[in-house]
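Starting off with a structure, shown below.
Chain IDs A, B, C and D follow the sequence of writing; residue 1 opens each chain.
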Amino acid sequence: MIRVQAEDFDPGAELAAFSTGNGKVGGICMFLGLVRDYLGDHPGQGAGVNAMTLEHYPGMTERQLAAVEAEARDRWPLHAVLIIHRHGRLEPGERIVLVATASSHREAAFQSCHFLMDWLKTKAPFWKIEHTDQGDQWVAAKEADDDAARRWDR
Amino acid sequence: MIRVQAEDFDPGAELAAFSTGNGKVGGICMFLGLVRDYLGDHPGQGAGVNAMTLEHYPGMTERQLAAVEAEARDRWPLHAVLIIHRHGRLEPGERIVLVATASSHREAAFQSCHFLMDWLKTKAPFWKIEHTDQGDQWVAAKEADDDAARRWDR
Amino acid sequence: MNVLYFAWLRSRIGVGEEILVVPESVTTTGALVAWLKTRSDGHAQAFADLKLVRVAVNQDYVGWDHPITPADEVAFFPPVTGG
Amino acid sequence: MNVLYFAWLRSRIGVGEEILVVPESVTTTGALVAWLKTRSDGHAQAFADLKLVRVAVNQDYVGWDHPITPADEVAFFPPVTGG
């Protein structure tokens, strides 16, 4: 299931709805992405971030996320997939994204969740602009994210 | 933090307490292991499982899990680690284990959570006995689990 | 043709969407960019380095030689930074 | 010496814990197993194939040549299956 929304979500409630405990699911892997309060890769390195705004491409976002979900289901035996991604203005500590996968096997749950995040990072049309005391700044894409996604090439 | 307990836990509440959203955490990875209702690797392959009982070695369990947590913290920059493992009688669909890691970076969160599960699977002194209509049966250790843990050798 | 711009391409060009009548000779995404660059300094600046630009036709990623028709939705944006 | 058994080793031996006075000549985990096997058929059966048995001294995994003293807690169990 794919949800793209401005509103916050409750990971616990999402997880409770997701893990129906139907006796076939052996493992659930969940990733939760949060807004950090600093620029760059390390705390204290750059300026503080007061907030960020996530712009997206409505329509294409849902389309690309659905394609990513389909790819994951094709690669691993999954009982359920959930992707929630927020857009709009977000402050440090706020939730940005949740990805969860349920499988009979732990390895499939871990790998598919990791894959979904890596692909989402390079394919889902979202763009972050960070609001700092020094002004606004569009976040540049990271080489490391491309490398992470390429791991899953086949 | 390590908890070994007979009681169930609420993953949502655990996650809420865990993800303080302090502005430094960029990603949380969580794995939740559940009791399946079948024996063997594939549904429908073996007999149905009515329940299982997890025996453990009190004292050594906590000691080994603490060692595994320390190893993860040594390998990745983690803001928080949570391991909850239940023992006693568990029915299909019930929660067995929760592992969560919080880091500034998604890759560290994913890898450390995966590592903790793989190591826990081969080092934490728990033993499962499955209760089926055909009688009780101690679960045999899996080669695949040893292989999974060996990935992290260094 | 419906042309969309996102993130810093939108900031530089000044609008997020243009409905354009494109010359018949413009039949690929690459040709569209060459033509768009003549429309304003903002356009020229936005498309100065195509290594920093991605293009989607009808919401799928495509390359710079992808065919386009007047009925298409064409979007330009920087590499994505969500998640 | 406090000796513990878990899972099917406990089932076969019939008890989960024994407090034993071990001969002075028994100074390693391997020697302890050899001596335990003489105590009952259940012990002999439990330790028939040491590839299926793990040993911990004072709650740390050790090998079959690890030294032991009367003050140690020694535990025998199959490969673990938690998680």
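Quick note on the criterion: a contact is a pair of C-beta atoms (placed from the backbone, for glycine too) under 8 Å apart; a residue touches a chain by one contact, two chains touch by 3 or more.
As the structure is a computational prediction, the values presented were derived from the model and not from experiment.
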(request) Would you pick out the chains that touch chain A and also touch chain C? (result) none
(request) Quick one: how many steps at least from chain A to chain B, stepping chain to touching chain? (result) 1
(message) Farthest chain from chain C, going by mean C-alpha coordinates, please.
(response) D
(request) For chain B and chain C, let me know how many angstrom lie between their CA-based centres, rounded off. (result) 48
(request) Measure off the straight-line distance from the CA centroid of chain C to the CA centroid of chain D, and report it in whole Å. (result) 72
(message) On a C-alpha centroid basis, what's the spacing between chain B and chain D, in Å?
(response) 26
(request) Could you tell me which residues belong to chain B and also touch two or more other chains? (result) 33, 106, 117
(message) Please output the residue numbers of chain D that touch at least 2 other chains, ranges allowed.
(response) 83
(message) Which label fits the chain touch graph of this model best, line, ring, star, complete or other?
(response) line
(request) Identify every two-chain combination in which the chains touch. (result) A-B, A-C, B-D
(request) Would you tell me which residues of chain A are touching chain B in their complex? (result) 10-13, 15-16, 19-38, 41-43, 92-95, 104-107, 109-110, 113-114, 117, 144, 148
(message) For the complex, give me every residue of chain A touching chain C.
(response) 33, 54-57, 59-60, 63-64, 85, 96-97, 117, 120-129, 138-142
(message) Touching residues of chain C toward chain A in the complex: what are they?
(response) 4, 6-8, 11, 56, 59-61, 75, 77-83
